[in-house]
Each structure stands twice: as C-alpha cells, then as structure tokens.
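Note that subunit A is present in both complexes that follow, paired respectively with subunit B and with subunit C.
Let's look at the complex of A and B:
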C-alpha cells in the first residue's frame, strides 16, 4: 500500500519525508527495543514504535524501512525530525496507541 | 546491605573505592560515606539514572553536594507515581548504622523524563562522570535498547558485563566508539560486592583522577582484570 493512502486512512501526521509518500510499504514490524528492530525488521516494512531517540532514524535508514510510525503522540525531539529529513526517512506520528493504529491499518485492507 | 556491612565487606574484599548508585536516588550515599569515614575506603556518591529511553546511566560524583544537586534535577522528572512497596519493595533511607530514617515514596523504578544526552551534559556540568551501565543487557542496557551507540552522547566510559571481555565486546559490537570499557559488580547483595572490578592506578581516589585514568593520562591507567 502506498504511504500516501496509509497516512490518509490512519490519520497520521507527516513529520518528515512528505515528498516520499509515493513509496510502497509492505508488512509491518512493532518493537521499541532497537536491538530487536535491527534483527527483525525487513526492508519496505512499516515500523511502529514509541521509541523516539535519534537512533531510530539511523536504523530506519540503514534497514530501508518504508516509514516509522511513532504512536501515542510520543514527543519527538527536533533533532530526530531533522535527522529524518536529512536521511530521507519518512517519519509519521499517530495520536492513537499502537494497537488501535494497527487495527485501522488492517481494516483498511493492508 | 546496611552501611557498616557494605564498608566491612568492601574492606574485606580489598576494595579501595566503591560507589553507591541507587536507581534514580542518592539518599543513602551519605550514610555509607559516613560509615567509611576513617577506614581508608573511599565511597563516591552516585546514581544509576534511568533516562527516558529506559537506558541506565551511572552518574558518579566526588561530593554529596554534587549528588544532591543532581538529585534535585532528577526528582521533578520522575514519573508522577508513588512506589508500591508490595510489588517493588520498600525504599528505605537508613543512617550510618543502618537504622531506619524514612521510607521514600517517589517511584524510583521508572525512567526520569530526561534524554541520555541531556543527562550526560548535566552530570558533566556538575563535575561528575557519566558511564552507561551494563550496555549489552537487553533491558535497560544502552545497546539493547538503542541498538547502536548514540552519536551525541558524551560518556566517559561504558560498563560491560563481567562475562564479556572488553576485547570481545569490541569484536561483537564493532560500532562501539573508542571509549574506555570497564566492569563493575553492580552488587545488590553483600556477597556479590567486589566480585567484579576494574583496577585503577590513581594519585588520589577522586573523579578527576578516575577521568585521567580512563584516558591513560599523566601516568594514570586502568585495566579490567
């Protein structure tokens, strides 16, 4: 599914990567421990997390994640957003908790 | 783990310097420092801060004033919860003989709402040392939680498990920056006190000397036995 459609269906805020929303995403991975993400996430997946440390951008970039979705409106430091812009990482934010956000995604036919 | 027993056990194990680093708390350091007075054992007041990333950071100081100043910055950043002694155990403050002084009600278990990088800067501003604790542990260890070394973290050293030689740690985590790797006992019980240690060659048991030793400056040095 195209990121553009995911953003609309889940009512996400686009914090970085507005120009890359034509990108296709397939599958998703959910974890906050970045050592788990490094071992488990696949290129092209959506990654749902509450972790907002700068390192999420390095990992998303390295592992070619389609987009990071930070849930529950977890506060994100400006440095993390700036790094996402610099690295071409799509950084999205959801006001709802992870479960509800992912449930909407499934309802949308993802 | 009452102050006179901590001091006796440390001396018995041949330790010269220990640090008291309770989780997000410093209130018990004074009693251990006092209990060690005149024994030759140096007790550094400190804290094992849990930062907002849920990563533990050792913060070590020379004086109680520095530690208390750090505590006054951390306490307002703790989760606004009360400790539940049934689940997490009571948080006692004791005097130099180990007698009950008071029970702390703040929820010291959770993370303080300060980033690792900000915490490191604040501890350095007070003159303290910053050492991420048990970095390879999946829970609350820097590499377990953050996967990679954070590029802007100003740490003085990193603590690795005693089961992992520093050379093995560098081999297994090749992205580790060129910073000193040390081991500590992280003792929660008397019998584990001093089981694991780092040997420092210092002119005096101070934070400034430890900093020199960690960087092998002016003839100071350290090694992990």
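Let's look at the complex of A and C:
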C-alpha cells in the first residue's frame, strides 16, 4: 500500500519524507528493542516503535524500511526529525497507541 | 533485379526511418564500397569479361586505358547479357560497355550516392576520388551490407553496455593480483548520536563496489551491533576496521577495555550488562552478538578483563 494512503487512513502526522509518500510499503514490524528490529525488520516494511532517539533513523536508513511510525504521540526531538530528512527516511507519528494504529491499518485492508 | 526495389521505400515501410536515414548521412561511400577492384583494358573481348565476372563474382568491371589508367567505361552483367543474346562474345568490350558513367565521390555521404542510384536507375556507381582516380565500385548491395554492419556494431555496443550495467560483479572495476580495501572508523564511547555511522558507511561502500543487497545488509546489521557494543560497553571507545576483498569481507572491532569476563556467557541470547540508559533507548536486549553471529559466516571473540576485546567477523562473498 502506498504511504500516502496509509497516512490518510491512519490520520498520521508526516514529520519527515513528505516527498516520498509515493513509496510502497508492505508488511510491518513492531518492536522497541533495537536488536530485534535489526534482526527482524525487512526492507519496505513499516516499523512501529516508541523509540524516538537518533538511532532509529540510522537503523531505518540502513535496513531500508518504508517508514517509521512512532505511536502514542511520543515526543520526537528536532534532531531526530532533521536526521530523518537528511537520510531520506520517512518519519510518521500516530496519536494512538500501537495496537489501535495497527488495527486501523488492517481494517484499511493492508 | 536490384533496381526493382527502392532502398528508400523499404526504409520507410519496414524499418525505423529516422535511424537508417541518419546512417546514410553518417556513412561515407568509401566505407561501404568495394575497393581494390579489378579493371580491364579496352582491348578485352566480351568472352574474357564473362570469365572474369564468373570467376570473381563481380557484376561490373571498369575499363581503363593501360597507358594512363584513364577510366573509359564500365561493363556490366546487363552488357554481357546483350553480347550473349547477340552471340558476339568475341567482340571487344568497347562495343558493349557504358561510357556515360554515373560516379560517386569516395568522400561523399552514402545518401547522395543512393539518391543517384535510385533516381537514375543505375545498378552501380563508379567511385572516384577528388582527382578523378578510380577507387572502387558501389552497388545497392554494398550500401545494404554497410548499413547492416554499422547497425550490428551499434547493437553489439549496446549489448556490451547492458551487460556491464547488469552484472555489477563485486570489485569488477578494480583489478590487481591481490585487491583489498580497508575502511577504518573511530567509535566514541557513549556517542549514541553517531551510532550506526560506521556500519552505514561500510554498507554504502559495499554497494558502491557492487556487492549484492543481501551481502551489504548482512554486513551492515552485524557491524551495527558491534558498533553499538563499542558505544555502550567500552571505557574509551574503540575502532572498527573493515577489510574488503573480492572473496571475503572481514570486520574487526577492538577496544582497550574493560574486557569480557565470560565470553561464552556473553554470547548467550538475552545476556546483557547494559546500563539503564542504554536499555531505555532500546539497546541492551542481549541480542547483539547473537544477531551479528547470525549474519556473519564466522564470528570470533577474544577478550581479557582490564585489557580489551577484539571481535572478528568474516563474510564470504559468494559468486553471483
């Protein structure tokens, strides 16, 4: 599914990568333990997390995830947003907890 | 027979007009003509013309004066047929040859010669240089063969380029008896902000020299884990050294302490000594070495308390 559609369906905020929303995403991975993400996330997936520090951008860039979705409106430092922009990582934010966000995604036919 | 079809008309009908037409402007007459042609003196009999046409498989022979090499005329298959019909094979060539000659300049583009052949209905043109000296003969067949050859050359070139683009063999661009590339990174302790710098740089380098995405990904994941270990656990940070060779990639991380008391235990999934701060950031799951080991073809750890740790990871480059 196109990121554009995902952003609209889940009512997400686009913090970085507004120009890359044509990108296709397929599948998702949910974890806050970075080693699990390193081992488990596949290129092109959405990554749902509560982590907001700079390293999530390095991981997302290196593993070529389609987008990071930070849930529960977790506060994101400007430095993280800036790095996401610099690295071409799509950084999205959801007001709802991870479960509700993902449930909506499934309802939307993802 | 060759006069019965028009090359121009064919180009328009069956082939991309622009490309073939362009080629006829680019190719010179001298590139496609038959050079080193045999000539005959004006005293030759038609019988000898017949023998030469049969033996050399030519359809036109220039008649040249032996004294000054002056071009006097051209005898063609059509002329020979007339002589055969009249049963006059013993007549001199001067009685049958054409003297009203259509010529082409060796330096002019093929398109000009082709126009002359098509509009005047000549089977062949005598090719002369600027001084009027005979340099060759040009037929429609010559032009056709020349165009095909040029197209084939262009096609081969495209094929080669496509192959180069597709294969991207590892280290293809570098050639030596022993090729290796060494990348060295300093990793500061506690510098989470730069965490992933070494591993993502190594990944980019691997992609640039043509590693497969899978190989680049394996190396990047394993290196990231080791890089984060240096940031979290060391006293003074450490170094990551990547040695990239055509058959093998070796990543070494070394530091000067504190060292690991029980390496076997440290390699167990879930074992961690990470600080609360690191754990809050999502590190310290005790899966770092496990992940790295999973990605690498071999992983070795040497460590001594109060001395330091050295982790070596080896990745085999499998042929694509």
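Going forward, the second predicted complex is superposed on the first by the 110 of 110 C-alpha atoms of A that agree within 3 Å, B and C clash if a C-alpha of one lies under 4 Å from a C-alpha of the other, contacts with A are read in each partner's own complex, and residues count from 1 in each chain.
One rule holds for everything that comes next: contacts are C-beta pairs under 8 Å (C-beta built on N, C-alpha and C of every residue); 3 or more make two chains touch, one makes a residue touch a chain.
Quick caveat: nothing in here was measured; it's all calculated off a predicted structure.
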Superposition on subunit A - do subunit B and subunit C clash or fit: clash
Partner chain(s) touched by A:34 [first = subunit B, second = subunit C, both, neither]: both
First, second, both or neither for A:20, with subunit B first and subunit C second: neither
Greater residue coverage of subunit A in the superposed arrangement, subunit B or subunit C: C
First, second, both or neither for A:98, with subunit B first and subunit C second: neither
Contacts of A:61 with subunit B and subunit C, given as first, second, both or neither: second
Touching partner for A:77 - first (subunit B), second (subunit C), both, neither: first
Residues of subunit A contacting subunit B in one complex and subunit C in the other: 32-35, 37-38, 51, 53-55, 58-59, 79
Complex contact set, residues of subunit B against subunit A: 53, 115-116, 138, 143-148, 150-152
Complex contacts: residues of subunit A adjacent to subunit C: 32-39, 43, 49, 51, 53-55, 58-59, 61-63, 79
Contacting residues of subunit A [partner subunit B, same complex]: 32-35, 37-38, 51, 53-55, 58-59, 77, 79
Residues of subunit C that touch subunit A when the two form their complex: 192-193, 195-197, 199-200, 203, 213, 217, 220-221, 224-225, 228, 281-283, 285-288, 290-291, 294
